[in-house]
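Below you will find the structure I want to go over with you.
By written order: A, B, C and D. Residues from 1 in each chain.
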Amino acid sequence: MFVLVNLKTYPCDPVAVAEAVRDVDETTDARLAVAPAATHIERVAETGAETWAQHVDPIDHGSNTGHALAEHVADAGAVGTLINHSERRLKLADIDGTVRAAQRADLETIVCANNPAQIGAAAALGPDAVAVEPPELIGTGTPVSQADPDVVEDAVAAAADVDPDVSVLCGAGISTGDDVVAAGDLGAGGVLLASGVAKADDPKAALEDLVAPL
Amino acid sequence: MFVLVNLKTYPCDPVAVAEAVRDVDETTDARLAVAPAATHIERVAETGAETWAQHVDPIDHGSNTGHALAEHVADAGAVGTLINHSERRLKLADIDGTVRAAQRADLETIVCANNPAQIGAAAALGPDAVAVEPPELIGTGTPVSQADPDVVEDAVAAAADVDPDVSVLCGAGISTGDDVVAAGDLGAGGVLLASGVAKADDPKAALEDLVAPL
Amino acid sequence: MFVLVNLKTYPCDPVAVAEAVRDVDETTDARLAVAPAATHIERVAETGAETWAQHVDPIDHGSNTGHALAEHVADAGAVGTLINHSERRLKLADIDGTVRAAQRADLETIVCANNPAQIGAAAALGPDAVAVEPPELIGTGTPVSQADPDVVEDAVAAAADVDPDVSVLCGAGISTGDDVVAAGDLGAGGVLLASGVAKADDPKAALEDLVAPL
Amino acid sequence: MFVLVNLKTYPCDPVAVAEAVRDVDETTDARLAVAPAATHIERVAETGAETWAQHVDPIDHGSNTGHALAEHVADAGAVGTLINHSERRLKLADIDGTVRAAQRADLETIVCANNPAQIGAAAALGPDAVAVEPPELIGTGTPVSQADPDVVEDAVAAAADVDPDVSVLCGAGISTGDDVVAAGDLGAGGVLLASGVAKADDPKAALEDLVAPL
């Protein structure tokens, strides 16, 4: 299982969380990574934790003030990027352009989407993975596997119909190790986490609890 | 073949073009329709021409000032709507929401997109049709079948891979009857036209020329 | 006082509300108008009620699929347009462009904004009027004059500092005639209304109650 | 004069340009600064050059994946931020929100806009400075003072009318020291530069030439 901890713009210490991600990663078969804000990518990557960007723009080098360039993110140490997160929704043409920009810079790609139909659409753009984020579960603490297990199974089926090489992540409603196991049982290849780790008093302990049942 | 004449915000008489669409439709096996601006839908539909909206928003009845409601468009006489036209690009989640809104109001749907990858994505959302609009051809007068026939064939293949029930239209680079025939030969089920008819001195003659080779 | 009834995309009969606006307008010194959806402008204007658009785009005649052209709206019978309503927020450059487009088509303009600072900014663009819509009051039923009278007075002062010719409307928290009177006492030259009239069982009675204290 | 070098996403070495900015700043009465991409702010600030962000979002700490938080930018070493650059246009409400977010983090603010009317609007939001960027001059190499000196004088007048404490920068059409002097003569308190320095073979020499006539 792939476990990606999204730090959003939470009031946390990104380096401390990254060190926890790095340390716990060495104790488990799961693959752990952290997605800090753009300004923190370089410092986070220097910890040795696998580092992802939260967003990249569908641009090339040039006149793009205030945009995130895939090459900048990669040079700073990121190995992948989230695309179209529910808090940063993009136009279809820009998701496509961002997948191309990320591939150009050798970044892995996870395209987020709301429901199985959109997951099929996202998979058709050829990313490495897609993440299903049912809007009704985002930030609720209700595990998707408990609230609506069909949405994960349907997303897995929708992606497989379009491109069986695209992995499906569960992008909302994950806070415990049991949730991670349940997501895997439904066919997910990984999970996106956020506040459960990023806002924990002890991020390392929170991660250890998460991977314990894996 | 389906021939949809998009009036955009051209300085034309929408009723005169609609009457030409209606009259020429009766003379051909092709299916002709016209897409006027929202303010003109009712008057255009009253001509008896098949009428489409240029855009609908992913909303329901409610607090949505300045948005286009599918039910309003349908009540005014439209039978379908363009979605995500290159001049009105939408977020992926909003294309999905707009397809649902249009279906709720019994409107047919054509989702536009730039290239075969995006056409696959659009087809995954379950519209009635998709339209491929290569950005490099929009407004150039160069027929897509001549400039880049692969893009139409690849779009047809991409849509068929995802959902064989989704028709593919050629949405740029069509100005003559030969272009329409060529698009059909490449697998397209129809074409989107604009200035060639809307800005013609004699829209009826322009349409007659277009459908003559069909 | 100017009283503009915004029909949004409410499930109401736009012609029935327009007839109520027209009839009550003849009984009062207040100026009454109605803002229907784009598809309804022509039918609403034909009632004889003063008709406004809910939105216009910063465009000219041309390749603008799915956009609202000022000339189309004016030709359909509208005499003015809302701009930057809280449900249709625009970029600063597009508010400016829309004010110019509306002026080109002889439409009156009301630019909406959230707070006194933004009201000053909106007034600097030279519209006929601005409307202050404190986000915390929109749709609450709490009259702005009771919840936060300072915001209206501050908005009136901010607009007057920048351009004393720009009228200030109160764009949220108005549902009774007393609210309208209170808004006028705070310096507002009018009010924006919505559900209180549009969703009333008897729109004419609702309007009569509203203008009774004026 | 304030001279801000915007690195956009140009293929330049941000640290090398920053060192040039730092070194030339010590030789002149002009104030020099550099605006790198978000991922480079920390490394650029470590050179000792005055560092600005290219963009900040109107957000606080929280669930804002893929957004630029003012506090992150300030902690990384930036002392100010561009807002609403022509390549990153914002909604009016978001310009206002971004000015507030920047002020919360003690960042200086420059709000960009197209023309004198928008400059007046930007000034009404209370930033430290505004920058006028006539769209027809962006990236042309034609100095604004030569092509259209009125736009700078009118922008200075428009800002002064609204708030005399807001400085006006010239944000397009500057490439030589004479252009900087001419902008100052028209009332500008500074200039935004980009490719002339960022893409120069020798950024330090380019900057020395620019400040020589000051």
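One rule holds in what follows: a contact is a pair of C-beta atoms (placed from the backbone, for glycine too) under 8 Å apart; a residue touches a chain by one contact, two chains touch by 3 or more.
Source: prediction; values computed, not measured.
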| item | value |
| --- | --- |
| Intersection of the contact lists for chain B and chain C | none |
| Touching both chain A and chain B (chains) | none |
| Farthest chain relative to chain A (centres taken as mean CA coordinates) | C |
| Centroid spacing, where centroids are CA-atom means, of chain A and chain C in whole angstrom | 43 |
| Inter-centroid spacing, chain D versus chain C (mean Cα positions, whole Å) | 36 |
| Rounded Å distance, chain A centre to chain D centre (Cα mean) | 33 |
| Residues of chain C touching at least two other chains | none |
| Pairs of chains satisfying the touch condition | A-B, A-D, B-C, C-D |
| In the complex, chain D residues that touch chain A | 6, 8-11, 35, 37-43, 54-55, 59-69, 72-73, 75-76, 82, 85-88, 139, 194-195 |
| Chain B-facing residues of chain A, complex | 84, 89-96, 113-115, 117-118, 120-126, 158, 161-162 |
